[in-house]
Amino acid sequence: MKKLINDPKNVVDEAVQGFAAAHPELVVASADPIFVRRADAPVAGKVALISGGGSGHEPLHAGFVGPGMLSAAVPGAVFTSPTPDPIVEATKAVDGGAGVLYIVKNYTGDVLNFETAADLASAEDIEVRSMIVDDDVAVKDSLYTAGRRGVAGTVLVEKIAGAAAERGDDLDAVTAVAEKVNSRVRSMGIALTAPTVPHAGEPSFTLTDTEVEIGIGIHGEPGRERIALEPADALVARLVAPILEDMPLESGEKVLLFVNGMGGTPLVELYIVFRRAAAILAERGIDVVRSLVGNYVTSLEMQGASISVLHLDDELIELWDAPVETAALRWGR
Amino acid sequence: MGLGIAWAKAWMTESARIVSEHRGELITLDREIGDGDHGENMDRGFSAVLGKLDGLPADASPGDALKLVATTLISTVGGASGPLFGTAFLKGSQAVAGKEELTADDVVAFLTAARDGIVSRGKAETGDKTMIDAWTPAVDAAAAAAGEGRSEPEVLEAAADAAERGAADTEPLVARKGRASYLGERAVGHRDPGAQSTALLLRAAAVSAAS
Amino acid sequence: MKKLINDPKNVVDEAVQGFAAAHPELVVASADPIFVRRADAPVAGKVALISGGGSGHEPLHAGFVGPGMLSAAVPGAVFTSPTPDPIVEATKAVDGGAGVLYIVKNYTGDVLNFETAADLASAEDIEVRSMIVDDDVAVKDSLYTAGRRGVAGTVLVEKIAGAAAERGDDLDAVTAVAEKVNSRVRSMGIALTAPTVPHAGEPSFTLTDTEVEIGIGIHGEPGRERIALEPADALVARLVAPILEDMPLESGEKVLLFVNGMGGTPLVELYIVFRRAAAILAERGIDVVRSLVGNYVTSLEMQGASISVLHLDDELIELWDAPVETAALRWGR
Amino acid sequence: MGLGIAWAKAWMTESARIVSEHRGELITLDREIGDGDHGENMDRGFSAVLGKLDGLPADASPGDALKLVATTLISTVGGASGPLFGTAFLKGSQAVAGKEELTADDVVAFLTAARDGIVSRGKAETGDKTMIDAWTPAVDAAAAAAGEGRSEPEVLEAAADAAERGAADTEPLVARKGRASYLGERAVGHRDPGAQSTALLLRAAAVSAAS
């Protein structure tokens, strides 16, 4: 394992310190327990948004803390949901009196720890709602699984719900917007290589030089199936198909197309993926009116990408375009 | 003579040791069908538990110790296993609250409450390929042993034996809860890491009672 | 070689097409010859800025095309300087009558091709200046080398000179600002793995699991020396030392600290590097008043990072803070 | 009988073939002390040249053909070698402009102008471990052969032989120009890719003249 780290046990601490040092105008980090909050929190009278989860997905979530998006991020150990304590402390730190929405990716650990935190925060008279992001069509949503995973679509939920909070929506309304985004976004990923978790020291899985893993998650969990490497255009078709199967879109409908890098894939490749995905949507008359391309929800140094399609409407477009000022996503200010 | 505070402390000391010893094995199991952190999570949690044991008041009961274990696990482990094992120890400790020494029936009450706590949080059923598949056989075996009038160490040994078999029996299963459920058929042939760590913890309990 | 590409020969074409499709509000791409220009170019009366070079360093340069930064970017084949034709065409497309500045990284190929382009553009009565970026302290600048390479500091030159152009500076003044930034920035890089050039199909060099290459460039050229892997903090010290040796800074002086990822290194690691680099500067009383952390000047999927220190003054701070609106760097609008 | 347009075309056809054949070798040489694109660059350039040859007017002179080569290389190769080889062919073609057939002295004039063009663009001196270390021995050997009254094919053969030796002789050198100069001592033991491709091109010229 070759990484620019010191003791594997200190990876998250040191990265959070570095993050806070690099962006003092945007965020403040709490060291014990670890969380990152907006420098100007609490913002009185506005709904606060908190997300969190295992580390290793940077810039998610700390990179999205700031005006127009998250109020706080709670990073757990690498690929491990945070415990309730830091979530509760973050909740207290950012509640501006209008309540707090937890945006939780659908993993058993995240759900359970945020659940406990919500109980504890409510006991301190903070109004808390939780919403679960589960956009990953690679996983069959049935009685027989833990349900779909929350993957790259989380960024879209955080951005758009953040804009709703910023415009002054109340807690129910912000929650409804977040749920709406989640109900209209689908994602599917592919891995070319496996990530190596620092404390594990070995790659999470092994792929030969000619294999790729389709339907990968963001934790180095194995995916849906392993197939032989194909040209990018063919692989893109394999990712887009299950998305459109699960969320049929009519010709003329508007979408945001999000090509997300898993951390180790160069931008050139992401744009090659974007090109083909946009072409497939165009062939069906679907209108890509907004786009996002880059490494936003990563899996350490994993090579690969995911494609997310968000079915837009006028409200979502307006909220997407609203100003945002975070380390990793910024426009309009 | 039941199981007192000395046993509870010995159990936790042995748990920390056994979890640390099997850290790599649990990571490997979790890497195969999960995300590779279970050994690290458990190791972090039980080292923290170890560091807290000395802080227990001199007159602490086993239930007090086990409650401390619960809150420590909840606040240090994270992931799915943190809240689940945390709830298990919390509910289990409540079932034996106030007792100076645990009888065989108390052991059964502890295990039952622990298992039920996990089920109520995680909603897993038997055969879902989770830690429940180690806990439930352990509860059943402990109840049977206690019903036969066995001693506390024997009851715990029965529980540990059954948990180990239960963990092994998760191998052919398709997972329906936790990360392994994403894998469908591909989880078949792999042992559930949480079931395995459950077996390790119950073995630690038995070993500590026997010595 | 496992990459999300189609035919290796089409990597740059397809990526540029994808890039233009993803950012239609910012850029327009010319297909033959290939270049990317601001959607609103030419901007009458303002100096235009063009940069370019081999592809494989994305988001450099196309990701920095837009208001407040570059007017056009000219991508060559992967790791190969572009030929003069597209540079000339880009020059004609963006000249707003106030002249064009070429920002050229110091590689023989880039220098020669931009030189020829400048001759040809001048022949068409466009006023052209060129400035050479050479911020890499890994290379000894002497009679015995091609001189220092232009690496991550290029982004800082492009941003700050772009702001000078935007505020209406004339060609001489914009050129002077660019030269000033170059004279005050130093960079040094490290690689943990090698990139694989698509048409080469094999890694550019090989490092064992315990080796790192210090003083690496951005083309998979071998670096200054190969040493055994060390903890991040020790490696950071090795990168910062030659920078401060070459550009002694007094206590109290202000700098911008830029930690750049080489493409395959996760953000967590970049922030761990930032943390230590900022601490070393702080120990010397040097004031990190601005920062940039991310993958900006990459070497395909190479794992590694570079550290750049830019000695600021009030003018540079003002120009750095000025609005910029590009795919990869955006604030203030 | 000097070298006419047929030879110039044959030279370029053979150059395209030989460069494509040695593409991998040039990439490897460049990967070792440069950035690994030299073979790809040359291959791209000479395939483009090949595609343009047919477009030459029927009455084209060798100089016309070599000028077309120059502009094609300049507009398709990129990198350092594109402008340098492009300049070489441009200056060389100017030195023999208008001639229907090149004599031995014309060949020397071509090579000399080509080499001088590279030097004026790239500022490399002999021993800097660049393509100049193949070109200069080639020019010298060609001049000597022409001085001895050898035929055009013999002059080109002398040039090609000398270029090959010159390319081999770059191996022990430390580079002072181009990317290899960044390596200092670490470039020692590796052959300069541009010197090697120069040798290939001159070999192609000789082969085309002999047949």
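Going in written order, the chains are labelled A, B, C and D, and every chain counts its residues from 1.
What we mean here is this: a contact is a pair of C-beta atoms (placed from the backbone, for glycine too) under 8 Å apart; a residue touches a chain by one contact, two chains touch by 3 or more.
Small disclaimer: the values here were computed from a predicted structure and weren't measured.
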Between chain B and chain D, the fewest steps along chains that touch one another = 3
Using the average of all C-alpha atoms in each chain as its centre, how far is it in Å between chain B and chain C?
-> 54
Geometric centre distance via CA averages, chain D-chain C, whole Å = 32
Return the distance between the CA-based centres of chain A and chain C, expressed in whole Å.
-> 28
Select the category (line, ring, star, complete, other) that matches the graph of chains linked by touching.
-> line
Which of the residues in chain A come into contact with chain C in the complex?
-> 1-7, 11-12, 14-19, 21-23, 55-56, 58-59, 63, 190, 192-193, 207, 209-210, 212, 229, 231-233, 235, 257, 259, 263-276, 278, 288, 291, 293, 295, 298, 300-301, 303-305, 325, 327, 330-333
Contact footprint of chain B on chain A as seen in their complex | 54, 76-85, 107-109, 112-113, 115-116, 138-140, 143-146, 149, 197, 199-200, 202, 204-205, 217, 219-222, 224
Touch list for chain D against partner chain C, complex = 27, 31, 33-37, 40-41, 44, 74-84, 121-122, 174, 176-179, 181-184, 186
